[in-house]
Each structure stands twice: as structure tokens, then as C-alpha cells.
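What follows are several structures.
Look for chain A in each of the two complexes below; its partner is chain B in the first and chain C in the second.
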Partner chain A sequence: MKNEPAVLSVKGLSKSFGGKKVLDSLDLEAAKGEVIGVLGRNGTGKTTLFKILLDLVAADSGSVSALDLSPDGGGRLRGLIGYVPEKPAFHSFMTVGETLAFRAGFYPGWDKDKAAGLCKKLELDTGLKAGDLSKGTAAKLAWVCAAAHNPALLLLDEPTSGLDYLVRDHILNGLVSELAEGGRTIMISNHRMGEMGGLLDRVCVLKGGKIAAEHSAAFIKTEAFKATVRGGNIPVSDGVRVISRAGSLAEIAVFGRKKLDALKAEGRINGADISPLDLDAAFKLLLEE
Partner chain B sequence: MKNLLKLQFRKSLLTFSVIAAALLLSVPLALLIKPAAMKSAEAVNLAMLYWALAGIPLTALILAGIAGSEAAGGQAALTEQPLPVAQYALLLSSLAVVLAQLAALVLAAWAMVGFAPPLEHLSGLQKHLYRFYVFALVYLSLYGFTLSYAFRNGIAGAALSVTAVIATGIPLLSMSVFQDMAFELIPLRLLKPAIVVLALGGGALALKLLSEIGDRKAARTARAMVSVFLLLAAPMLLSFASLGWLNIAARRVVLPVRHMFSGYYASEVYLYAARDRAEAFGQLLVQKPFYGEAALIDSGGKRTVIDPGGETRGPAFTYLFPSLTFASGEMLTGAGGEKWILYWPGAAPHKLLRGNLKDGFTSLSPVNRPWTAHLLGGKEPGLIDRRDDGYYYAPLPPRGGYKWTRIAPVNGGYLKFLYEKINRDGGAAVFRKDGKTLEYRGRRWTVPGALHNGLPVPGVALADGLNFIVPARTADGYATYLCRPGGKTELMWPEYFRPALNMSLTPDGAVWGVSRATVPAFHILTSEGRALPGVPVGRIAGSAGMKASDEGVFLLRAAGGYLWFNAGDRYLVRAAVDDPANLKTWKFPKVVNNRVGVVTAAIDGIFITAVDGVHFMDWSGNAKKIY
Partner chain C sequence: MIKIDLHSQTPIYAQIKTGLKGLVRRGLLLSGDAAPSIRTLAAQLKLNPNTVARAYRELSVEGFFESKRGEENIISSRAGALAAADAETLKARIGEAVKEGLRNGLDPADIEGIINQLKKDII
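Presenting the complex of A and B:
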């Protein structure tokens, strides 16, 4: 976590639906300007966590403080947060322009010029009917709606899910722009965290309703290695994961230079072909933690 | 909020536009298809009546059902819930637009009839429906919206809201009609607003709870769901509870049994000697008008039932309250203290009963006459009956059936029969041929200018014996003279008074009337034979908080230098004869409003037939419930 004051603080957060515990005493903090990736498999509570932060769903227990506010059912918190849902939806009878004008009425910090600029940058036609928007165009509109009121906290729930490369690039560029403006705290959940890798400060792995593990993005980028080893003695331990196995050959991932050096010193990976682990593979392995 | 209202209006614009267009188009359509004999304005009124009774309520259900179910739907969850406003605000904006659209339709229909709907021929029920209309529309919309939101289904919500409105409205209308037709037994003026507040406030609170449950801000616990149910059911529960209250209250109401038409027939009461008065006035014939029971009761609460009655109920919505089985009748005390009761329980023939409180009553042959028959006292008690062709008389007790004899033509000759009967009983004096000399058993009084028609003059039994009150013409108007048993003729008052015409009798034997010549004043002849100067009605009325011009003040007793009055069926007022400032009042138990005769004087106090039974109050204001 950066040495900045906490913009978001979650303590002991629990939520169940119909007897199924989705979040279980979850703790999480985010500093100002921090970009956090929330990694988790389907159904692990990422969207529920976001909805609680947005004051759309009440927690069963625990506390949430975001931007000096706590969820109170009044919707005030949502006015300070930019939110891109996994499945953006708009009133079908409105055009893109009308949708933006409508939303502007709810956010005191709405920046019309910024909204117009984002539309131009994302090649979003404001005359289009919201009901006729493709998935990609709807995602662009969602992004404009989330960013145009200059929120101090952005929650992006699978913002690039199901989008083609071009749209995804547009969204990611928008994200880079927001970061360039500075001071934004961003929390992203994404199945393809690899594409976000360069932007993240930290990755939190959500499993069993808790943050099961946290890693700094720099650590994953610089200290995750892939080693191809021969023979049956695969040294699986903390920080070592099997990527694949084919006969007597196995690919393993080693997290941490110290761990790698220790394995070398123990002679357990003698002759192994060692290379940096790509981000997608690293995140996939982290999901299994 | 403005943004939300615009959004909700836009969402329902198509539906509303279609309905509004249909309303507007119904005007030319009505003009096109109207019968030739019907005026254009009548055709438009008729079209708007259909809209008011069916079209607009149906629109309320459609708009509220669609809006409520949409607000709970997945699309609203995706598009509107992420907005930075509370879910409840979203719902209220949607409901507000439904109500605004309905208001626009009502206004349009109202404008079509020139803001003057033809309401002059409405029945009582229709008038109540008209007053209920706006509330019913709002109620229907609120519940339609809330229940559609709760069930995520517009049809279910609409059907349940109709049920709620009917379940609240029918008891409410029944009670309103009942209290209009009969008595004000429960405070509907308070209950109606309470039901409105419960319906609108409870509905809004239920919607808030549901919104919190819907978006999981509150848990869907059994307690929360029971709270929602109770909030929504509260107006219906209060409406039915009020109806239950009305039914219970109706069964407790007691009224006196009186003849629908009192006439001069009761003149012989003036002739009771003091010793007979306690017997004659010490008991009261009462009835429970919503249960049919009738009984004779004395001041100590001893009673005997003369008709066990039984509750009946009418058809349709009148089934919700007991029918009025109002009975009329009268009672006569015979020479030996026996009672004759002529009793008419509604449509059935008159019953004639004879007996007394101690031993009970025996039913004699039914008198197959309508309410035109009356009891007639004296040494030979009888029945007198006014028919189309004259007055008929039958002596009592009936022997082998009533033997009716025509005694006078219909234009009033019965007085001759009556006064001559009293005269035969020794209770009347007669004028000599000179027209100014009154004679009774050898005693004579001279009354110059005496006004009479040659008939016997019934006497008034005072402490010193039989007195005769005679009005006379004077040079400048009228005067009333009292012919004392000792032979003296005294001028009582310089005004016209004649017993049974404009004078009444109290059970203790005082005779009184009200002069309205200048300032309304009581003129009273006490049973001791003292003719009091005028006692201003305003003095008595004012002590009971009534207007000086009120006519609801009656003398109940005059004795020992004091006068007792019934002021407006609300207060017993005691006034000292010689000290105008000496007034004392006691409040009666609650009597049935707007009913004459609910307070009946006896010798030792007054019977008060009240909404909760019969009370007896003595002359010092001490009341006890006796039935």
C-alpha cells in the first residue's frame, strides 16, 4: 500500500445470500492514488464487494469507509464513486447524449467538457439510441459516465469483459488517462488481469470470502519466474507452483528471487531453463492460491 | 428529484399518451353515437361518467401496476439503482408521476363537464362515493404500485389493490350511510381521516420497507414481512374494526317508545291526581332500535320485556349493520295502576298489552290498524283511530274483538267526543249559555271574553283540586285566566295559553308554555297553583352554552322554589325561581343526537335514553345507569 492516507477502508466485512457466505470478515484498504486489482474466480464475491462499496447492498456485518463516508442507504456515496458495471445498461429510449445529460443532473462534479472529450476520444456517437448500442459501445458509454464526474474512487467491475481488442484498448487508454490526472484510487476486477498488469500497484486475491493473498504488482512483474525442470522430483512448496507436466518434464513457477536462489542452492532445479513468468500466467496461478 | 420525475414521466409517456388520447377522443365519439333525443352536454357528461367510474380507476391500476413492477425489475436495477439517489426516492418519483398523470386525467374529465359535474340528483350512497373518489384513486395507485413492486407483478399488484380498496371502502361507505340515515354512534369524522392517514402513510411506509428489502438494505425477515403486511392491512383493519364498533354500539342504543304522532288524545294526563302521577310517570317504555327489544323500566332499573325482538339485516352492503327496527307505541295508566301498551314494531300490526311491571304483560287481540290508532284514557279506556272517513272509537278491554264506532268526522269533531268523555268522567267544566260563565259541579267562574267553542273545558289537577285554564280576548289582545277550585278567577298571564294546545304538563303537575311575543320566556303554573312571571328561555339556554334563541329547552319540574330544565338534551339545569343568578347545571350521559324525547321526566328524576343504555338522574344531578 502506498504511503498515502486510506481512501477506502473495509474491516471485517461479511455478507451472505440465502445461507451462502459470499464475503467472510474481509479486510481491505486502499490508499489515495493506488490501483488495486481484485482477482478472484467467478462467484467469489467481487461484484458483491463492489455493490457494498457502492451502497447498493448492505453488509451483514463489518464496516466500510470510503471517501470519508459510510454506506447509509441514501446513495450519497455513489455520487463520489465512478462505477463501471460488468454489464452496463441504459434507458433504451434515450440517446447517448441524453443519457449523459440525464446523468449529469445527479453528479455535482460532472464535467461536460470532459464527457464530450471522452466521447470524442472513444469515438462514441452521442446521437445513438442507448437501446441500439453494441456491447462495446455500451461499455464506452459506461466508462464516460464513470469518469466524467471526476470521482476520487473508481470501481471497475470487469470493464473489458467480452470486448474486442479495439474497444478494450480504448477503455485501457481511458484508464491510463485517469491515472495520468493523478490522485484517483482505482479498484479493478478483471478476469484478464494481465492486460492491466502494467497499471496495477497491488493485486488482492479474493478466495473463500476473504483476501487470501496480496502481492505488489512490481513483485509479480519482476520476481515471478518460470522454470522447466526434468525428473520426478518437483519441488512444490510455498512460492512454487506447477504450471504443466508432460512426462518427465514439468514447468514450474517460482515467486520471489530469494526462493529461486534457494532452490538453485539446494540443487533442485539444476539445469532448469529459467525465464520471467508472463503476467497472465502469473495471475492464473495466483487465482489458485 | 426533478431529473427522476422527468425520467419516470418519459418511461410512462407512451401508455399515458394513449389513455389521454382515448379520453379526448371519447368526446367526439359520444357526440357521434348519442341518441337524437339526448343533449350534447348530456352525452359528454355520460362519457365522462364512464371515465370517472371505470376508465380512470382502470388507468390508475395500469399505470401503478406497470410502474411498480418495472421499478422492481432487473432493468431498473441495472439502469437506475446505480444512480446516486436512494431507492426510495426512485420509487416515490415513479409513484408521483403516476399520481400526476391521474390528476391530469381527472382534471381533463372535470374540464369536459365544465367543472360542474351534475351531482344534484345523487343518492346518499352516491354522495359518499363521490367524496371517497379522490382518496380511492390515490389509495388504488399507492397500493397498486406498492404491491406490484412487492410481487414484481403488475397484475397481482392491481388485483390486490382493488381488493384493499374495496375491503376498506365498503365498511366505510356502510358506516357513512348508516350514520346519515340513523344515528351518529361512532366518531366517523375522526375515523375517516385516520383511515386515510393509515392508507396513505402506511402504504408509503410499506413501500419504504419493501424498497429496503428489495435492494437488500434490510433483511427479508419474517418480522419485516409482517410489518409490511400490517402496514398495508391497517386501513382495512381499522375500517372493519370501526364497523364492528358501530355494530356493537348500535346494539346498545336505547330510545323511548313513543307514538309517531302525539295529539290531543293525551289530554287526560292533566287530570291525574298527585297520588297517581308517580305510577303514571314512574316507568318508561324503551326500545333497542337496532335489536328490536322493547321493555318497560322503572327508575330503579326493574324492567319487564314486552318484545324480545331480534336483530335483522338488510341486503347488499346494508347487511354490514343491523337494520333499524324502530317501534312506535304509547302507554296508558289505568285507574287501578294497570298499564295499557299499544305497541307497533315496524310493519307488524299493533300489539295491545295489559299488565304491570311486577306481574308482566298479557298480549290481547292484535289491533289491526296502522299507526293511526291511539290509546285514550279515562274511566273507560279505549282506542281511537283516525281513518279516511272519520274518527272511530273502541272501548277496552276488547270483548270478542274490537267494537269500533264512528264518533266524529275526519275534520276534527273528535275533540267534542274527547272532551265530553272527560266531562262524563267528571274532569271537565262547561260554559253556560252566556258564553263567559264556566261551571263545574255547582261552582261558577266568570271569564269575560272567554274563548271557547262550547265544548267542555278539561281541568288541570293542582294541589288544591281541579283548576281550569281559560284563554280570553281582551281589549288589547289576549289573556289567560285560572279558575280556582274556591271560585276565584285570576289573571295569570296577558297572553293566550290553552292546555294541550300550547301548554305542556310536567309529571309533578306543573303546567307550562313558552311565550314568544317578545323575548322568549317560560310561563309556568306550579302544581301548588303559583303562576310564575316569565322566565327568559335565554337565561336557561345560556347556562348550558346554547343560543338564547334555541328551542330545545323544556321544563321538567317546578317544585320548592326551583325549576328544572332539559337544555338541548345535554344538560339538566336547575334555576331558582326568585334568584336569576342561582343556576346549576349537570351534564347528561351521551344521548342519541337529533332525537326528540330522549329525556323523559318522572317524579323523582329523569330517564335518559342514551347511546349506551338507559340512565336515571335525580334532581340533584346524580346519575346511574339502570339498563
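Presenting the complex of A and C:
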């Protein structure tokens, strides 16, 4: 994926709100077709980052280049990006159908048939009043708005919150995979990365206004292990984290097959029961870093 | 800590009992150690505390836990022998299953295949 041109390039991005530095010289690159998960605690600036990329909020300093454009306050960039906001908001007096017709005017690539098809797929009734939508239904509408104009870059901010199991499954396994396969670049922030695990290429941990760590998703999926050891016998080193303690036992996470083999060879995890670390647990550890 | 197979025919409380004995056999839990509390283990394995409590109750009756010390479940001095006896029983059962399989006409290669498949899950 390295050879593909960068669809998104962010350098030294900073933003403060009333003296609180939310983003502090953040660097980030995304190649064409890459699916990136943005992981961060509440209030670490995930939404702010998205809003700057969308030209909804101006950065204090730093440069952003997305799809060969830069945010200039004109909103041209916004018309090219598919955005599922954390809290979708629509004009309450319009129906779903009217909302879609209204939005179509803002996006040069809007595809009416695609919008209708998506509504059908997500079982979204176009006659509903936008003001009366439940949280989940509003999220569906936001998805239709984001995907109907075939954007090359999608920003998904907590895109599955409030959706029921069936719709979530439909969106994650149907829509997002379809978009990812179409060579689109996708950035997803989600608090439940476990459910997205299969889709991601890369995970960025946002902390202290920067990308504090980056991990390839394949590494987390195949090279993270869990082992049980005696609490007094924890092999403290890089790539080893304590998950929990119970009685005289402790559960540790080991990142990297090499590290695991080294620990085994040194006899530091004798008798340990080793199993793969599940995605949710791995992400939780990365967040605590 | 302990691997639980929710789809196994072996009841979960029995899997917990075997799992704890396994921890003793591998030297991760020693006589005099406190075993994970019922609540902790239930939370970690995402199981109903009542299921874990049942396993612990039966282990206490067997003498795997010391009965005296208050709330904690302390591994007794007999635990090692109990776990070893369990291992012998399991060995015999595996042998019995293999014999039964051969009687049924299973190829030794099939049986090896099953074992190799299970080995793959061991990291």
C-alpha cells in the first residue's frame, strides 16, 4: 500500500479550544484504499481532527492536504468527503426524502439511484420526518448521505453507535467492506474496534494531541498473545503488559511472536497457558498506553 | 487463565474444575496460594458466578481447597495429588476413546489427524 499516492496528508496540525490544546502537531498520512482506525479515549480530539479535515473547523497551525485540496473555508473539500458524524443532525421539518434531495445539491458526485438503493438496503423509509427519527434511524440517514455521492475519502465518526445488531452487521460487513474494496480511503473512529477488526489495515492511537502509536491491524490480529503466569513472576519488558491479576495469578499480554518465543526460550513463562489475545482486549491495552 | 469451550459437551463447571487442576499441575498455582476469587474468575471468563461457585464448591468437597481460611479459596496440600489423579483418569479416558475409535474402524492416521489439529491450537 506504500506505493499508492497519499490521499490524505496531515502535517503538524494543532488546534486549541480556549487554551486547551486538543491537537498538538499531529502528523498523519493515508494512502489510497487504506482503512484506518482511529483509537482514542473520550476528548482526545478524534472528532476535532475529522472536523478540520472536513473544513468545518479551522486549524490553528499545520497543513492538511486531502484529495489534492486543502481546507480553505470554502467547503469545496466537504463536497468530496463522505462523513458520518458522531451526532447526525438534520433539518427537522424535512422528510428523509427531502433531506436527501436537499443534500444532493452540495455534492457534485451525488448519485440519486445509489441513495434510493441505500435507503432500501438499510430499510429507511423516505417518508419519515427527519425530526422524528430515532437515534438509529438518523444514523442510517447519515450513512446514506455519506455514501450516496461515491466519495474517495470517508470519515466515519462512531458510525455504528445507536444501530441495532442487524443494521450494524449490514453496515460493517456490507457497506464498509464494499467501500473499502472500491479503493476508497476510510478513516473510522470507534470505541468498539473489536467489531471493526476485520476491516482495518492500520490502527492509530490518538493521545495527547498526537498519533502516539501506530499498529498494523494484521499484527494485532495474529501477533498478540495472552498468557497466564504467577503474579510474582511477571517478565517485565517491552511488549509485555499486565492485563489483570487474580489471586496469585496474573494474566499478561505479549505483543509479537518473536517476543513470545524469546520469553519461552528464557524460561520466563514456564507452564503458561498461551492463547491468542482477542481484538477488544488488545485495543483496550493499546488505549491505556 | 482457563480456556472454556462454551460449545463443549463437558459442562462448564467441570471445565473450570479441570482448568484449575491444570493450573496446579503446571505449577502456576501452588499449595497455599489463593485461587482467583469466584467473582474475578467469573468476570474474566465472562461466566455466571453461580457456575464458578458450583465448581469451587465441588473442589472444596474434594479437598482441593483448604476449608478453614475465611473467604479466600486456598489451594490445599492435597491439590497436587488430586490434579495428578485427574490427569491419570483423563489419560485412561483418552486411551479408551482411541481404542473405541479403532474398534469402529478409524484409521490410526485419522486419530493422528485429530491430535495434530488440536496441537495447532497450542501456541
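By definition in this document, the second predicted complex is superposed on the first by the 277 of 289 C-alpha atoms of A that agree within 3 Å, B and C clash if a C-alpha of one lies under 4 Å from a C-alpha of the other, contacts with A are read in each partner's own complex, and residues count from 1 in each chain.
Keep this in mind: contacts are C-beta pairs under 8 Å (C-beta built on N, C-alpha and C of every residue); 3 or more make two chains touch, one makes a residue touch a chain.
The structure displayed is predicted, hence computed values, not measured ones.
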Clash-or-fit label for the pair chain B, chain C on chain A: fit
Partner chain in contact with A:280 - chain B first, chain C second, else both or neither: neither
Which of chain B and chain C A:229 touches, first, second, both or neither: second
Touching partner for A:125 - first (chain B), second (chain C), both, neither: neither
First (chain B), second (chain C), both or neither touched by A:89: first
First (chain B), second (chain C), both or neither touched by A:271: second
Partner contacting more residues of chain A (chain B vs chain C): B
Touched partner set for A:27, first chain B, second chain C, both or neither: neither
First, second, both or neither for A:244, with chain B first and chain C second: second
Shortest CA-CA distance in Å separating chain B from chain C in the superposed model: 39
Interfacial residue positions of chain C with respect to chain A in the complex: 1-3, 22-23, 26-30, 33-37, 40-41, 44, 72, 122-123
Chain A residues within the chain B interface of the complex: 54, 56-58, 73-80, 83, 85, 87-91, 93, 102-103, 105-107
Chain A partner contacts - residues on chain B that touch it in the complex: 2-3, 7, 10-11, 75, 78-79, 81-87, 89, 212, 215-218
Contact set on chain A toward chain C in their complex: 225, 228-230, 244, 246-249, 251, 260, 270-276
